[in-house]
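In what follows, chain A forms one complex with chain B and a second complex with chain C.
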Partner chain A sequence: MATKARVLKPAAMPPRSIGRSLLLTLPIAVWSLLMFANPQRHLIRSEKVASLITAVFMIALFFLMMRTGSTYRWRRFFFVALGVLFPVGFIHTVMVMRGTMGIPIEEMIAGRTPFCYLPIPLLILPAAFTKSLVFPGSLLPGGGMSGAGMAAMAGMWLAITLVVGKGWCSYACFFGGIEEGMAAVRPRAKLRKIDPRWRYGPWAVLLAMVLLSLALFEPAYCMWLCPFKAVSEYVAARNTVGMVQNGIFVVLFAGLVIALPLLTKKRTQCAFFCPFGAFQSIFNKTSAFDVKIDRARCSPCVLCKTACPTMSLTDESIARGETLMSCMKCGACVDVCPKQAVVWHIKGTEVACKPERARLMFLYAAWAMAVMFGGTVIAGGLATILHVFV
Partner chain B sequence: MATPLILGEALALGLASGPACMASCGPVLVPSLLAERAGLRLNAGFLSAFLGARFLGYLLFAAVAWGLGVLLVLPQAQRLLLFGVVHVLLAGVLLWYAYAAGHTCAQSCAHSELVRISVTKKRGLPGAAALGFLTGVSLCPPFVAAGVRAAGLGSVAAALLFFAVFFVGTSIWFVPFVGLGCVARNEAVTTVARMAMVLIALYYAYLGFVMLMGRRVHGY
Partner chain C sequence: MKLRAILGYSAAGVTILVTLLVPFFLMGQFAKGFASLGLHVDEVYSGGPKARTIQSAGYSIDIHRPVFPHMLQTEKPFVQLDWRPVSALPAHVSETVDVDGDGQPDIRVSFDVPENPKTPLRVNVVALNWKYQSMENVSKEKYSRLIVRVDDAIIVRVPLARP
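This part shows the complex of A and B:
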């Protein structure tokens, strides 16, 4: 079966006409222009150019999705750009503000820590018990991110999450792009046999970190395990503990974000480690969209299982005609299926009932979010590069 | 002599401190309960062994606190040594537990049916007791408050009684943990519990070694 799977080629969907593709792209084009041509903000030249490039980039990618019928291939350009340009903009900002990427303890105590969405699941229980946040961001005016800002971010996350579920991890998260890029470097995986039990890793990290955060009253994940501290804002290492923390960040980043994606062609940090991803999986149950397998068409060649970057398809789940709840809705399995048996689906409808319509509805929601959230980050990173180097 | 007022104080202190005790024991108790078999009765048995051993730890602490009267004013180096050893032992027991759960599974889980952990009852209860005892002798803030009060009582019996009542107050908060017995056990749940135990054990081992090196962490 494996040999057979290798020779199968995805059945190319006949391309849409240019006119129809443009028409379908029009709502996203209008949305992008609204997002990037904000007349109320006074932009400097590099920001204007970056906004323009980003708007064209996002509109062009959506147009190509409409024209070719392929989702994953074009989304990946956006996602890698997001993953690479986020640290560029972020590091530049902290360097300008503080002169170093290391955050000293006084700054943490003062609450001058940018709020990131990753600790959201870790904050819920301590907040329920104590009515306070175990995050060194401040709710006080003038003390870092304002309460309104933090609430707005949490509210935006919740609204988006209820619609796209774990699609957040493929269209909004600014951490997954680097590993997706690394996973794309080699044509074939070097490490192919991965124990499927590693899929439970994110849940274990989530459980351990929630319990430790509650017990120790510190954001345990941010303090000890976040691989992205290595490329954003690490602990100012003034003592042994700081050195140990930074050592852990660097080792995890090098292993889970660089080396393992390169060897396995999987998003290893997202699939085997990220506690936010595990938490986000729960919202796949509330999302209206999912990916299904039309059993009448499926051979099964298991190309989808091989292509899935998060190991969210197993033989059993394929037999059931569905993905696991860890599915990030990236579209890799849909693109690769030679029989077009893997389809986008709206819950409550028949499987394979107008799957392209389901794809369009999902993509409008997901891409609007991508433009608003990721597009802003990409524009920020580009503006930094233009401002500093050009 | 422990008057009803003092016992009432112990109970109130226990009830008030319960959430802190629950949070402090959660990292040890939740994964180890999830690694056990499902069922309210089985989980209640595990929790009883855990709490019983924790009670012994409390009584030992009360006797030492009253008898020596000095535990809380021990030189910092000795205190760090004591609690460093406790943390390292706790990490060791958690690691052993995670390994033992997997070992049992490897022998009994031929295929992907529900994983049956701890088919022999021999491992579960001693493991729970070891974990309970080690968490019982850790110095969490409410425990220190109770220790200070017990140390000032007139006799060792009064100190022991004070701690017993304090224990009852805190233990009420642990009852909801029995509900974890209702969580269906399958390969996913037990594997997640075992992996979480390893992570938590590594953290406790780190805390223990840092304390053994003479550095203060988390107020110890």
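This part shows the complex of A and C:
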């Protein structure tokens, strides 16, 4: 079966006409202008240029999605740019503001620790039992590098999650792009046999971290296991424990975000480790969109299973005509299917019923969120680089 | 069209509508909603609410309510005192403080106030009341025993002795 899969080529979908593709891109172009051309924001020249470049970049990628019918291929450019430029902008900001990537205890006491979305599931139980947020940030504006506070990030997370569900991991997460970029480097996977039980890793980490955060009243994942501390910020090491924590961050980053994606062509941190990803999987159940397999067309060649970066397709799920709940709607399986049997789908409708309409509706929602959230991050990182030249 | 399909398309349409509302309305409303839940940052980080203020010569000492960590939290109970503004503090602070407000001195605190805000601080605390723990030459070891400069205040956290 695997040998057969390797020789199959994805069926080329006839490209849309340029005019029709442009027409379909128009709403996203207007949206991008709304997001990037806010006259109330006073931008310096490098920020203006970065905003313009980002807007053109996002509009061009959407146009190419419309023109070619391929989603994953073009989304990946956005996602890798997001993954690379987020650390650029963030590290520059922390270095300017405090001169180090290590958060000193003074900043934590002052409630100025930047809050990302990864600890959100860890905060729920302590908050439910004691109304305490076990994170050294601030609830309202004034905290974090953005000055936005935890409420703003929580609000943004909830709003985007309502729209894209687990699609967050493909259209909003500013960490996953590094892995996706590393996974794209080699043409073929070096490590092909991965025990499917690793798929339960994120749930195990989520359970352990939620319970540990409740018991110790600290954001346990941020303190001990977050690989992305290596490219964002970390607790300034004051003692041996701090050194061990920072060592763990670097090892996990090197292993899960750099080495294993290179070897396996999978997003290994997302697929086997990320507790936030597991938490987001729950919201796949509330999303109107999913990916289905039209069993009447499916051979099955399992190319989709091989292509899925998070191992969200198994032989059993393919036979059932669906993805697992960990599917992050990246579109890799849809793009690779030679029979166009893997399709975007609106829940409640027939599987084979107008999949392109489902794709368009999902992409408008997801890409609008990508422009609003990821696009802003990309523009910020780009402005940091351009500031040197412009 | 089946009812399920109608519901599906309706949900997809609502999703797109919600998308349009996210940056202009929903994000802000959700943030406000989150903020109105009555949650607060854990007191081990924030130091707890201010209980009272002692006025001294040109500066004040804010005394916070004692903080008692939760179940397995790896910190000891502590009380936080803030000296502010830093600009009004003498080069060396050494004074007794009535922490619990009973009119009797509870601790003697002494520390230097360097001009350079980046110079590490060290504090000595002598407990005059059994409720408090003495500290010698402490910098910023743990959340429950430290001295740090935060903005325009010098914060000292004194661990409480277990009864």
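Throughout what follows, the second predicted complex is superposed on the first by the 378 of 390 C-alpha atoms of A that agree within 3 Å, B and C clash if a C-alpha of one lies under 4 Å from a C-alpha of the other, contacts with A are read in each partner's own complex, and residues count from 1 in each chain.
What we mean here is this: a contact is a pair of C-beta atoms (placed from the backbone, for glycine too) under 8 Å apart; a residue touches a chain by one contact, two chains touch by 3 or more.
Predicted model only: the values in this text are computed from it and were never measured.
> Mind telling me which of the two, chain B or chain C, contacts the most residues of chain A?
The larger set of chain A residues in touch belongs to C.
> Could you say whether A:G155 touches chain B, chain C, both of them, or neither, answering first, second, both or neither?
In the superposed model, A:G155 contacts chain C only, not chain B.
> Once the structures are superposed on A, label A:Y200 by its partner contacts, choosing first (chain B), second (chain C), both or neither.
The answer is first: A:Y200 touches chain B but not chain C.
> Looking at the overlay, what does A:G348 touch: chain B (first), chain C (second), both, or neither?
second
> Looking at the overlay, what does A:C301 touch: chain B (first), chain C (second), both, or neither?
After superposition on chain A, A:C301 lies in contact with neither partner.
> For A:W224, is the partner it touches chain B (first), chain C (second), both, or none of the two (neither)?
Once the two structures are laid over each other on A, A:W224 reaches chain B alone.
> Pick one for A:L211: touches chain B only (first), chain C only (second), both, or neither.
first
> Identify the partner contact of A:A332: answer first if only chain B is touched, second if only chain C is, both if each is, neither if none is.
neither
> Classify the contacts of A:A383 with the two partner chains as first (chain B alone), second (chain C alone), both, or neither.
neither
> Starting from the residues of chain A touching chain B, keep only those that also touch chain C in the other complex, and list them.
Of chain A, residues 215-216 contact chain B in one complex and chain C in the other.
> Can you name the residues of chain A that touch chain C in the complex?
Its residues touching chain C are 35, 104-106, 108-111, 126-127, 130-140, 150-152, 154-156, 158-160, 162-163, 215-218, 238-239, 287-289, 346-350, 353, 358, 361-362, 364-365, 368-369, 372.
> Write out the stretch or stretches of chain A touching chain B in their complex.
These residues of chain A touch chain B: 129, 197, 200-201, 203-205, 207-208, 211-212, 214-216, 220, 224, 240-241, 244.
> With touch defined as at the start, can you tell me which chain B residues reach chain A in the complex?
Within the complex, chain B touches chain A at residues 19, 23-27, 30-31, 187-188, 191-196, 198-200, 203, 206, 210, 215, 218.
> Where on chain C does chain A make contact in their complex?
Against chain A, the touching part of chain C is residues 2, 4-9, 11-16, 18-20, 22-23, 26-35, 37-47, 69-74, 140-141, 143, 146, 148-151, 155.
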